[in-house]
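Data first, discussion second: the structure below is written as structure tokens.
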Amino acid sequence: MLTFFKRYNLTILIGIIFIVIWALVTKYATWINPVIFPQPLTVIESFSAKIGELVTGVVSSMKLLIPGFFGALVTGIVGGLFFGLNKRSREILMPYFHALSPIPPTLFIPYVIAILPTFQTASMSLIFIGAFWPVFLGTIHGVLLIEKHYLDNAKSLGLKGPTFLLKVVLPASAPHILSGASTSLGMSFLILTIAEMFGASSGMGFFIQYYSDFSQYHYVLAGIIFNSIIIVAVMIAFEKLKKRLLFWTNLKADGK
Amino acid sequence: MLTFFKRYNLTILIGIIFIVIWALVTKYATWINPVIFPQPLTVIESFSAKIGELVTGVVSSMKLLIPGFFGALVTGIVGGLFFGLNKRSREILMPYFHALSPIPPTLFIPYVIAILPTFQTASMSLIFIGAFWPVFLGTIHGVLLIEKHYLDNAKSLGLKGPTFLLKVVLPASAPHILSGASTSLGMSFLILTIAEMFGASSGMGFFIQYYSDFSQYHYVLAGIIFNSIIIVAVMIAFEKLKKRLLFWTNLKADGK
Amino acid sequence: MVQLLERPVPQQNPISAEDSTEYKTKIKVQHIDFSYDATTKILNNIQLEVKEGEFLVFMGPSGCGKSTLLRMMAGLEPFSNGNIEINDKSVKETHPDCGVVFQDYSLFPWLTAQANVMLALKQRNKKMPKKELAHIAEQYLTLVHLGHAVKKYPGQMSGGMKQRAAIARALSYGSDLLLMDEPFGALDPVTRIQLQDLLVQISAEQKRTVVFVTHDVDEAIYLADRIVIFAPGKNGAVTKSIQVPIEKKGTDRKKLFENMEFRAFRESLLNEMNEQIVNSLRTEIADGAGI
Amino acid sequence: MVQLLERPVPQQNPISAEDSTEYKTKIKVQHIDFSYDATTKILNNIQLEVKEGEFLVFMGPSGCGKSTLLRMMAGLEPFSNGNIEINDKSVKETHPDCGVVFQDYSLFPWLTAQANVMLALKQRNKKMPKKELAHIAEQYLTLVHLGHAVKKYPGQMSGGMKQRAAIARALSYGSDLLLMDEPFGALDPVTRIQLQDLLVQISAEQKRTVVFVTHDVDEAIYLADRIVIFAPGKNGAVTKSIQVPIEKKGTDRKKLFENMEFRAFRESLLNEMNEQIVNSLRTEIADGAGI
Amino acid sequence: ACGNDEQTSKGEASGDYEITVGLSQSAGGTLVDIAHQEGYFEEENISVNRVGFANSADGLNALQAGKIDVGLTFGTAGPLTFIANGSDFSIIGGHLEGGHPILTKKENAGQYTSLESYKGKKVGTIRIFTSDIVFRSALEDAGIDWKNDLEIVEFKTGSMLLEAVASGKVDVAVSANSFYAQAVDMGLEAVAWSNDLQEGHVCCRVVTRSELLAEEDGEAYKRFLKALIRAERKKIEDPQSAVTAAKEYMKVDEKVINTIVNDSHSNYSSDPSREKVVQMWEQMKEIGYVENVDDIDVNDYVNIDLYEKALNELIEQYPDDVYYKDQLVRFNEQNI
């Protein structure tokens, strides 16, 4: 705990300085729009006023996010390994991947609503779509960048099938897969605000979206801060995991 | 040209099969909603009806996208190198990066409109924000994963400053930087639809957003297809560039 | 000196039972021309036959194509001109069954020494329980004096340790063909001698065919039945086979090295190589191909 | 045999002008204890002084810590116990000025051989035009017989070529301290001899201090002023310095090797090492530390 | 490029005043377009630029931040929400009243005969959109507990709502005028219109920042309103002119434009309609769309003087014309 504070003392200090400046500016600068720049105190009040709603929101959001993100993770990695290893399939379909991956997830909303049976599954699918591409493309990239040495080694040991995948391809491409997964995780949170634009009545994204529709930015900011805390916690856990999985790279030298 | 067709014959075939199925389903399946699933012929007609608008759109969008994306690329790489190399700074600010990166770009709209002088700069900034994170975080990741050998080598040669950056850090982390940049590029196109929600009267994103506001999906699909063609062209060019820059990795063996 | 492990695959060499004096051909290299790119030719019409159970050593100046030919034999370098057959099957079609030690002894850095060896073991012993695999892997590592480092990752090993782990892995793979590219290059002289003896013992007792690259003349003569010398030339390297004329069986190492016959052969070998390098330096000036 | 290039830095050795017989201390290793992790101790209270212009050779069993000590001298391995001073400055504070050849000769794979060398050259010759740098780099590469491969990338070079490129880079760096970790390990005997001679010539003429790791006893004796033998032990390796008692200046290589004095010293050295390995194997059984 | 510079070049060659009008892309700016087409702005010596927004909140933010001078088609609820949150906006005129359909699938259309028939149904609405407020307060007035007797699902945009009702995820959709044409194509039918629920309810209001009205007593905005009043008249006399005027800016088919600008349920009126605005404010309080606003008197934020002045000037200019006099009568009914 003490080491935590020691490591993050400057982090916390910067946060405090930022809040102080924010407080001063919103209080004394008249040219500041009070609607979109509420005072920190207002935000803190909003925070405590809405804490129940925020917490319920996390629970509902997780019900969408977890299936969506993990579904994307699994299919992204499996698909990425497949297309990374199969040159011909990759060559054939890569143009489609390039074409489909940047389509804004918002545009899928009518289709997921029309096709999928419930709002929940529609929302999950949106998260899935958004989270899928980074990890999928990251995995393909990672497989393509595997050092020739490792592949030669595997070939000469006659490694095939699951052993080849699990013991060689997966670890060797892990740096890129995990970097893609981390983008995917961020993406999932981002897509939440889109996926909760319809059919939801609570959620981390819903909260932000809802109050921003009402231009109640003190609530919006409270929501962003609350979400950020959760996202940072998830991300730090993910980074820890990443560091463990990539122990054989230089990352371990990062000393955390 | 012939080799192009030979390489992509299956790609093209799949596209044709898909269009045929689409045509059949939208024509004969009665349970299909004709507004959100228009017939391919309608889309093609819409395409030719709006071609002028689409082309103007590309020009306007590029005026936003190019500064936004390249701005993000440069600052993302420079910033990523800085934070990748400076452990203490990274430690201090990383929690903020994790917290800020997944904030949905839509939420920045009121702020960019309020703070920046023109709608153009506001839109550019949105694209900048969206494109910044993947390349920034990718660069940090790439720097952290540089093999110890290379760093030892650089250290023992006393490499410092620009030489160290340009000859060692940048190439060694290039695989991750470029993978991040490619996500950023996709992201820029995605953010376009958000960045052109205000103040724009033409643009690739505007077109799609505009017609989806009217639920005119034949135009929306025409827009998506048109944009996809452009995005695929840009992406293929980018992949070519990537392969050239990463000539020393295994990527060259991918034989293109 | 070192007790050999039980071979994981029992019926490795059915023909060894016949005890026939007429050797079967293990590797057949036919008309191999090779170059990585259009500008430099690496190998020039290489012809080579390796008998079953033979111990073949490649020698030659640095950069002349020894590793390249070895990698081609291992089915890792695609080629178009000529053919290489192992057990009468072209390596182009069937991936050859062989244990390989690469010049850069590349282990998988995400696996411990033991897990690296287990990976090879598992290929022949699919059904064997993990515990037993681990045990055998440890025995192989002990064989190369790495019994204390089974749990170490490649990143935590010294150059020589990595090399020995790679040797253990190749041995444990249990193929009757071993392709080894400067496997003892980073070993101290004492360990090196021990591993040389180990290799001689294994190849003799189990009739494994070995193709071995080294730069150490003594090592080459001590190990080889036949030495193939690579000579770089304008159109790529050509090879020249020299049968080692010395009877080594049962001879004490030290005595052997002091043997006049041995020393004479050693001298002639060195002279041969020296000549080639001078030749190649001369050609280099003329046309840019080189050592 | 090979003409030395003009040194890029003219006033490299101001004291060589004095021609004093009293040597300055170049490297001072004091009470070095080292371990990578809590379980295994690597180095045990190492004490060592290297005189300016001295040619020091490290020998010892694989995995005993030679590379580790060399890396510590190069300022690449942080440590807490003891101190290492180069030119009277602690390597903990000032990054030492030295040319290094790593055991895995790691060149930058995204640069050609020439560009790799130019990177080192540029460090001392900031102002030199690129063309001239390229020219000098090419000369250095020619020195190690890589004149034909200047434009090759590391991925296109053989093991021995990479090693030679790394040597060229270290030489071109122009520091008066060279740390070389098994630099000739992957070279054919003929090239190896040429480069040995080159190194002897350079170190003598330019009074460069060299710390050199090798497993080749002949090479060690031929090159060294003093040989440091590493002996692994329970609490990490200890070292023992042995002055090479043979006068080599001007002696023909072949004659030297046939010299009885030489052969006796060689024998004693090998025995010493052999003993240590047997010892260490014995300790290993007792407490798990090992070679 | 953004609408900004493009439209600037299209604007009148020169004017004494320059006004940048922000409008919602899907609603268009019918009266402004007509005024433009007919040269009313030119005659008033003002040049007007048009800036489109996909989202009312963004538009109102732009207004707050000074990027635009007038918000034309951002509804009533939007500006009122901003006012509730502390923005100093003034509603100076009107644009549209009524016109939003309540949609359902054709086969279910018969079920919805009265407000009672919404009980137990899943009703989709567009959040903070006028029709939502009108619908809820109509239920409230009819004594139906809309929190419990039916399930209201809020949507961010009208197009999402449309997909939801078409795919049966909600039973009825309290929609918006700009989606009517597509809804019909999708096989949906209007079972009621927002005007049926509340006669002449206000929709888009002309809103500006109060501080702008301090300059020259709001001369520019008075001129702007004069042009709008004339455009309103033009539209009544020649409905087709609205289509031709809008066609220049709205890029959808003429048929769609016609349903948006000339639907019989939509009433384009430039009158600020203060009483209806106040009524909506009260309704918003009632259904919880605005909270903690007891210290705000919404009347302070509706400026009817400018409109009155504009009307009087027009009467003066065209003394023989009864139209403007009638408008003054309507003004007095609706505002005082």
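A few remarks follow.
When the chains are written out, they are named A, B, C, D and E in that same order, and each has its own residue count from 1.
Please note the rule applied: a residue touches a chain if its C-beta (ideal position, glycine included) is under 8 Å from a C-beta of that chain, and two chains touch if they have at least 3 such contacts.
Predicted model only: the values in this text are computed from it and were never measured.
The set of chains in contact with chain A as well as chain D comprises B, C. Between chain B and chain D, the least number of touching-chain steps is 1.
Residues touching across the chain C-chain D interface largely coincide between the two copies, over half of the numbers being common to both.
For chain D, the chain whose average C-alpha position is most distant is E. Measuring from the averaged C-alpha position of chain B to that of chain C gives a distance of 49 Å.
Computed from the mean C-alpha positions, the centre of chain A lies at a distance of 38 Å from the centre of chain E. Chain centres here are Cα means. That of chain C falls 28 Å from that of chain D.
Centre-to-centre separation between chain C and chain E, using Cα means, comes to 85 Å. Within chain A, contacts with two or more other chains are made by residues 33, 36, 110, 114, 212, 215, 217, 249.
Along chain C, residues 104 each make contact with two or more other chains. Within chain E, the positions touching two or more other chains are listed as 57, 61, 64-65, 157, 159, 162-163, 166-167.
Annotation, chain-chain contacts: A-B, A-C, A-E, B-D, B-E, C-D (touch as defined at the top). Against chain A, the residues of chain E that register as touching in their complex are 57, 60-61, 64-65, 78, 81-82, 85-87, 127-128, 153-157, 159-164, 166-167, 169, 289. Put simply, chain B touches chain D in their complex at residues 149-150, 152-153, 155-159, 163, 167-168, 171-172, 174, 247-248. Every residue of chain D that touches chain C in the complex is listed here, in rising order: 36, 59-64, 66-68, 103-104, 145, 147-149, 156-161, 163-164, 181-182, 185-192, 215-217, 270, 273-274, 277, 281, 284, 288-291. Here chain B touches chain E in the complex through residues 33-36, 50, 53, 60, 63, 109-110, 113-115, 118-120, 123, 197-202, 209-216, going by the rule given at the top.
Chain A makes touch with chain B in their complex at residues 7-8, 10-11, 14-15, 33, 36-37, 87, 91-93, 95-96, 98-107, 110-111, 114, 133-134, 137-138, 141, 144-148, 151, 175-176, 179-180, 182-183, 185-187, 189-190, 193-194, 205, 208, 212, 215, 217, 220, 224, 228-229, 231-232, 235-236, 246, 249-251, 253-255.
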